[in-house]
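Submitted below is the structure of interest, expressed as structure tokens.
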């Protein structure tokens, strides 16, 4: 495999990338097609694009606030889950606590729950229990950040565990011998070494939160509505506004790409840290 | 194009409409009535359909400017809307002051006392009664939102009938007419019987094939995994064969099967299903994956010569050039009927199709009922209707039909509003069942199996009738 | 050595959040699952009915069918994703021109929300109009109709899922591969091991924890798949793509059958836990306990 000619590689990657990109390209095609052409014979090549949908979406103030909510909720949730997940993994990796394997397995069961039925108790809790005076957790950004922890925190713990376990304990011990505090060992020695795993966790938790639909649709009303719930507004009985939906989707790719760009550097940094030759 | 049929296409139009808000002579009354409710924010939830978006974009801002009462309208998808409203009302949270009630849910809400009696509320608070609002202004459609004593529980905001839509350019083409005459010996005109309809459908499907056109003889809302198909059969096809109210007899212990006195698996029901499936088989291939949305798109793309289409879609198909290729080429007619059905519909015993639509209701759990009642009256006034009808084709008040703007639109829609006005009484809303969604969902999987051919029509309808009765027993309605 | 107290302190925030947003709702669902409760029944109250719901579920054909199709879906989708994901991850370990560009492209499907993915695939596969059936028919004479063919609908959903989620597998496996120490590989090469031996005896055991973690995540998410299927087929044709997630959704949302819906959810959750536990015990736990 190592000595194959670069042409094979280029062909391989071109094919894979084309397959990967096609549905996204098609999304773009839909976004620049007038509605009237959607049910006509499809053409692979784009001709005469129509930018009306973009003008509409860009000018929609509600969508802008949905976008902001989405960014705040997914970023807040991803950072929270990555940090808490890292702490939890460190605890599971370095301490001999009784029942820790059970705890570890139990965390993941939170992600297994079929969400539809859990909406009702969450709704009741967030409107009637988690309240302070008139204020309630329902329809708030912090509420969604916390709710998303139910599926993202287990994910973070599960993807980070192998990484944290992989950092040799001798490093911690050497630091303790040098008189470092536990906090310092965790944040300044182990944390940086886990960078590739942390970056992947951050990206993926962000993506899960960014894409979540069902919980947001039920647990937000006016103030914390996210982009995915905004999308569902275009599926109506008088016709799905495919063009607008596709346009919004194209817009949602932009912040996602920025996050990816920022975080991918750290995966790349990780590549040099422990490269394996295949 | 003068008609701004969708919010998407008409953000600009709405801004204009909003600034030219009608200058009513009753402004002072509204200001005074709203005085006690300054600083109040009303919250509503609705489906993001054009009429609802008109409320959010136009009527709510107008109302706020006039009265100082803020109105936030949450628009969401059909599935989500009911779930959110039900959770709120069931738990008594009081998030919403207005909820969208569609025909398919109103009787469930009424059975649970989820809604405020608007007639009573306004009668008890004479100060709240707007001079320009009267229940008498509504069309008969409002009757579907009343209880047994005639009390109104929702202000109508959407109203459509599912019509027989046909392509006038094809039906009036002399060459096609001659070909049809030659083939069938009949004149080509909109069908009045199922046999005629089938003949025309077959003719056009063949015609499309022979001429290598993307044209088929009929539409079919026959999705194999979405309740749209279930609705087309029970609301629009079965009644034209004389099977009403889904074949469930409310006066006979909610019987569904013939054995117990229902008609869900009657000979007529089976004939209706066979006819409909035979139409589906000569409809465009996408019909098997079509909901109401795709049926509209299919027709708008010029792929069908005739079909049963919801009025809300007939509007944009007939008049919106940005979405439809058949603008100005569409005529409306009454659905084809079996013998005797028209007579039954005229006498009020039966109906010939679905009168669809919704209203804005006031949840019992709302904490701001008085302010909400003001807004509901505001959107129920005759004065706001014409512009609303033009922006999103729907008529809920009698006087709206006479407005010049609406009359002009009637022309473009091939006489759709005339039919709604004159023949609307032949159509009916959903049966008055508090278990609407429950029985629908319980029987739907079996229904889909009939569509896919896994079950024969006869066996399938027999099973559906049994399942419906079981579900009704489980729910405690059938004793 | 550090004290266990610190360990518990580090775990505390996680456990607290999961308690308030995971455990409490779960207790409520279990409670409801022993009741008959439909707010639109003749009696809208919650009525305790013991284990009736659980007895009913055993004979519920629709439910059992949905479990069957879900298991098939999960099997085909997750297995393909794992194999493809590993091949791609290995391919990304090599240096080649434009690598970071291709890697970015490859991760793009992840940032599309399931409801968007469902919508795009729906438009691409609409019978006779979508681009895929159109060209399948024009080039190969194959007629593909996801409205009538259970096979076409099921396959489309599997392919859609592979397209959407293989990048996740690739990413997590890249993260695992890059953190492998190079020594064992160099040693093995010196000893003359071939590629297959290296894969089975060195690479696989070393990345096993990451593989299992990834399989877990994909398994669970695939079991809960709703949005894409909802957009694409609605569970049809017939019940051929009515996965448990979709089944529960239909039971709880339109049908408002909270009591029985809760029962199904508890059972599904239980089955998922058992399946994962078996996987976990056989593949990971011995390893962890050995080391921990």
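The letters A, B and C name the chains in turn, as written, and every chain counts its residues from 1.
Rule of thumb we're sticking to: contacts are C-beta pairs under 8 Å (C-beta built on N, C-alpha and C of every residue); 3 or more make two chains touch, one makes a residue touch a chain.
Model, not experiment: these values are computed from the prediction.
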Relative to chain C, which chain has the most distant C-alpha mean position? B
Most contacts: which chain pair? A-C
I'd like to verify one number: the distance from the centre of chain B to the centre of chain C, where each centre is the average of its C-alpha atoms, in whole angstrom. 38
So what's the Cα centroid distance for chain A and chain B, whole Å? 39
Averaging only over C-alpha atoms, locate the centres of chain A and chain C and give their separation in whole Å. 15
Chain B, residues touching no fewer than two other chains: 83
Return the residues of chain A touching two or more other chains; collapse runs of consecutive numbers into ranges. 38-39, 41, 119-120, 124, 232, 240
Out of chain C, which residues touch more than one other chain, so two or more? 129, 253
Sites on chain B touched by chain C in the complex: 79, 82-83, 86, 90, 108, 111-112, 222-227, 284-290, 294, 434-435, 437-438, 440-442, 445, 448-449, 451-452, 454, 474-477
Which chain C residues qualify as touching chain A in the complex? 2, 4, 6-8, 10-11, 13-15, 17-18, 20-22, 24-26, 28-29, 32, 88, 90-91, 93-94, 96-98, 100, 102-117, 119-121, 123-124, 129-131, 134, 163, 167-168, 171-172, 174-182, 185, 195, 209-210, 213-214, 216-217, 220-221, 223-224, 226-227, 244-245, 248-249, 252-253, 258, 261-262, 264-265, 268-269, 272-273, 276-277, 280, 285, 288-289, 291-292
Can you name the residues of chain A that touch chain C in the complex? 1-2, 6, 9-10, 12-13, 16-17, 19-21, 23-24, 26-27, 30, 38-39, 41-42, 44, 84-85, 87-88, 90-97, 100-101, 103, 105, 107-122, 124-125, 130, 146-147, 149-150, 153-155, 157-159, 161-163, 165-166, 176, 182, 186, 196-197, 199-200, 203-204, 207, 210-214, 227-228, 231-232, 240, 242, 245-246, 249, 252-253, 256-257, 260-261, 264, 267-268, 270-271, 273-278
Contact footprint of chain A on chain B as seen in their complex: 6, 8, 11, 43, 45, 47-50, 72, 74-78, 80, 83-84, 87, 91, 93, 95, 214, 292-293, 296-298, 300-301, 303, 310, 312-313, 316, 321-325
Note: in the complex, chain A contacts chain B through residues 34-36, 38-41, 56, 59-60, 119-120, 123-124, 127-128, 138, 217-218, 221-222, 225, 229, 232-241, 244
